[in-house]
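Two complexes come next, and they have one chain in common, subunit A, joined by subunit B in the first and subunit C in the second.
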Partner chain A sequence: MKRTSLSIILLIVFVNLFAQAKYFTKSGKIYFNASAKLEKVEATTRSAIAVVDSKTGKLQFAVMLKGFEFEKSLMQEHFNENYVESDKYPKSEFTGQIINNSEINYTKDGNYDAKVKGTITLHGVTKDVVASGKLSVKEGKLGLNAVFDILLSDFKIDIPGLVRENISNDTKITIECLMEPLKG
Partner chain B sequence: MTKFRLTIAFLIVSCLMSTQGRSQQNDLLSLLPDNKPQKEHVTNAFKSTRVISGHSMEFLGPGVLDFRILHRFGPVNTGVQNLYGFDEAKMRIGLDYGIARNLMVGFGRSTLGKELDGFIKFRPVWQSRGPGSFPFSIVIVTSITLDPTKAPPVDTLKFQFYTSRLAFYNALIIGRKFSERFSLQLTPEMVHRNLVDSVLQSNDVYALGIGARFKISKRVAFVVDYHHILYGLKPGTYADPLSIGFDIETGGHVFQLHFSNSQGMNERALLLQTTDKWSNGAIRFGFNLSRVFTISKPKHTMKN
Partner chain C sequence: MNRKKTILLSVIIAIIAGGFYGGHEYFKGNPDINNLPTAFHTNVPSLLKEFNADEVNTGTKYLGKVMEVEGSLRTIEKDAQGFYTMVLGDKGDMSSVRCALDKVHGLNSDDEHLSGKVHLKGIFTGYNKDNTGLLGSDVQMARCMLIQELK
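And now, the complex of A and B:
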């Protein structure tokens, strides 16, 4: 009796421990594409920070805008100086929730569809967003792939008339992270 | 028995309690060990690699080619017959290339005197913020100009050497971006002419350049480019070149529209060949056009 109850209790403890795990990465990849008819406008950063709480499904990303690398250095300069004004607003953040977190089993290897809802803060403006993504659990690590669609105008990022055919207001942001358990 | 039960109870309670505590934490990001603040270089003190005619403290990105066309018209005070100077135009066509983040080269040819010029620009110190920051950028510019016109054969032998027609320009730019809206640079500079017209003239001319930018909007800035001759030219025979204008940036082009009393478009001509005065209204309209092309894409790009 003692032995069974002990093992049951230990099981509860262990399951709880696993379920409380937070996962994080400091080298998440974020790629955005605002290309239009006349020009390719895209950049990647490989130093995004992501944290997810597997118990609650709470999800947070943060990225330094100066970390976005473009092929053309002048485009990178314009991105920082004229569009996102990274001296004034150096960081962009996402805070939200995996809505279907209860459907995801973080202890079992596999791929899960994730629906994400939250707010993005960019250029000093915070806006609600929804996104769909995939969560993959493998060997204790968590992979997250998600795609967000945003309008730059929603964040007070103006595209002057002259370059309207070069830069698209409709921007696609793709996130790829491989997260590891956060200790402590 | 009781001890055992107590231990179990304690374990369960602590599990439940920590679950409660954690789900209440609002900011997950604060759980992560903090990143140390990093040193950040200051960019975009000036919109272009030239203030107007003189060099600025800015560089081209590595692998970037800048095609530059400069135009300087005639003096505005020559009246409507001369279309206020538009009838006379001198221009310089040139290419600048960024070799590394802190090294660039360029060459060009001016129709003013048909002069060729080439320069190397290097930045040993870059203004930065954060740990290990430095308040100024220090840039070294060195250039050579060549007047390709051979003197008529009647003249003495020494004019037949092309080296007689060379001049060397050296400058040290000390600049600072004070804020998003204001940048200022000081340029102690000198020109050495291999051969001067008379023994009374100095081969070396020293000057101090002052360049300033006032940003008016995201894409428009007001710039001033002034050089004060300190030594080497006879007073009354020259004027200090002063240029005032606007930089307008659109996509891959920068247009610089300005008024100046100098028609010189390379470093030597700017300092040594200015004779018109602002006080006479002998100012000239001019513009600089700059178009950048990315020649070689950087592999692991600009990390600030």
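And now, the complex of A and C:
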């Protein structure tokens, strides 16, 4: 019995030694789509910063809004100047928690469903958000993929009536990150 | 009558020309970074020092501006879609200047093995201050291009 207990304790210690505590990336990809009937409105940034704490499930993202690139120059200009006002609010952030963190085995290669709850700050407004995604563990790296929707009006980003058929208030956000263990 | 026709024709031509110009402006893509005038020319240590001293005013000064930066190349990252990021910074300093290359100005296979000092041009998009002490603070630039490797 004592030998079994000791073995279990040693196993837990052993597994935790090999489980990296934090994972990060500084080149996460975030894509948003606010396309409406008359217009395709989409942009991508590949410079999002993300950190995941595998022990607590805490998750943080930060993205510079001027880093979003559009196909059309005028659209990019309007996005920055009129909609998100990126001179005034240069950064958007997410802070949250993987609710089912205990169900994710960061030491075993595989794909895991993840449910995330937290707050997004955009355009000076902070709102609660819930999202589902997938965490994939492979060869010591952590992949995160998630898709969720936000309403621009929730963040005081107003779409003028004249362009309501061009820009959707309902915006789909797609996140793709491949994170490495954070040393230190 | 001729005068009226001339005026009408002029108005029609003006409308068509305006339409073409408007369409051109509406559909045009982002200008090539190579053709944009540089607003600031600096190096990595000076830039990071400036942000450390006064993050807010330095950010305001550079936000959205075209910059040329020289510094030691720490690493070249390439994502699954083939987009490059060149990371500049001194060894032993966790902070860096991260330059996401424009897809038009990607690297060729020889450039992927660059080392030493480089000279880049791009648009400043923000400064991410590290409050954890674990990641290092980063100056972020987008739509970058490699101007030259410095000997």
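Everything that follows uses one rule, which is that the second predicted complex is superposed on the first by the 166 of 184 C-alpha atoms of A that agree within 3 Å, B and C clash if a C-alpha of one lies under 4 Å from a C-alpha of the other, contacts with A are read in each partner's own complex, and residues count from 1 in each chain.
Simple rule for what comes next: a contact is a pair of C-beta atoms (placed from the backbone, for glycine too) under 8 Å apart; a residue touches a chain by one contact, two chains touch by 3 or more.
Because the structure is a prediction, the values reported are computed rather than measured.
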{"item": "Superposed partners subunit B and subunit C on subunit A - clash or fit", "value": "clash"}
{"item": "Touching partner for A:Ser73 - first (subunit B), second (subunit C), both, neither", "value": "both"}
{"item": "Touching partner for A:Lys108 - first (subunit B), second (subunit C), both, neither", "value": "neither"}
{"item": "Which of subunit B and subunit C A:Lys37 touches, first, second, both or neither", "value": "neither"}
{"item": "First (subunit B), second (subunit C), both or neither touched by A:Lys55", "value": "first"}
{"item": "Partner chain(s) touched by A:Lys91 [first = subunit B, second = subunit C, both, neither]", "value": "second"}
{"item": "Touched partner set for A:Leu182, first subunit B, second subunit C, both or neither", "value": "both"}
{"item": "First, second, both or neither for A:Lys29, with subunit B first and subunit C second", "value": "second"}
{"item": "Comparing the two partners subunit B and subunit C, which touches a greater set of residues in subunit A", "value": "B"}
{"item": "Residues of subunit A that lie at the interface with subunit B and also at the interface with subunit C", "value": "22, 24, 26, 49, 51, 62, 66-67, 69-74, 76, 80, 87, 182"}
{"item": "Sites on subunit A touched by subunit B in the complex", "value": "2, 5-6, 9, 12-13, 16-17, 20, 22, 24, 26, 49, 51-53, 55-56, 58, 60, 62, 66-67, 69-74, 76-77, 80-82, 87-88, 93, 160, 162-163, 166, 182"}
{"item": "Partner subunit C, residues of subunit A touching it in the complex", "value": "22, 24, 26-27, 29, 45-47, 49, 51, 62, 64-67, 69-74, 76, 80, 86-87, 90-91, 178, 182, 184"}
{"item": "Residues on subunit C engaged by subunit A in the complex (per definition of touch)", "value": "25-31, 59-60, 63-64, 77, 79-80, 83, 85, 98, 100, 123-126, 128, 132, 134-135, 138, 140, 142-143"}
{"item": "Residue ranges of subunit B touching subunit A (in the complex, touch as defined)", "value": "4, 8, 11-12, 15-16, 18-19, 22-23, 27-29, 31-32, 35, 40, 43-44, 60-64, 180, 218-219, 249-252, 292, 294, 297-298, 300-304"}
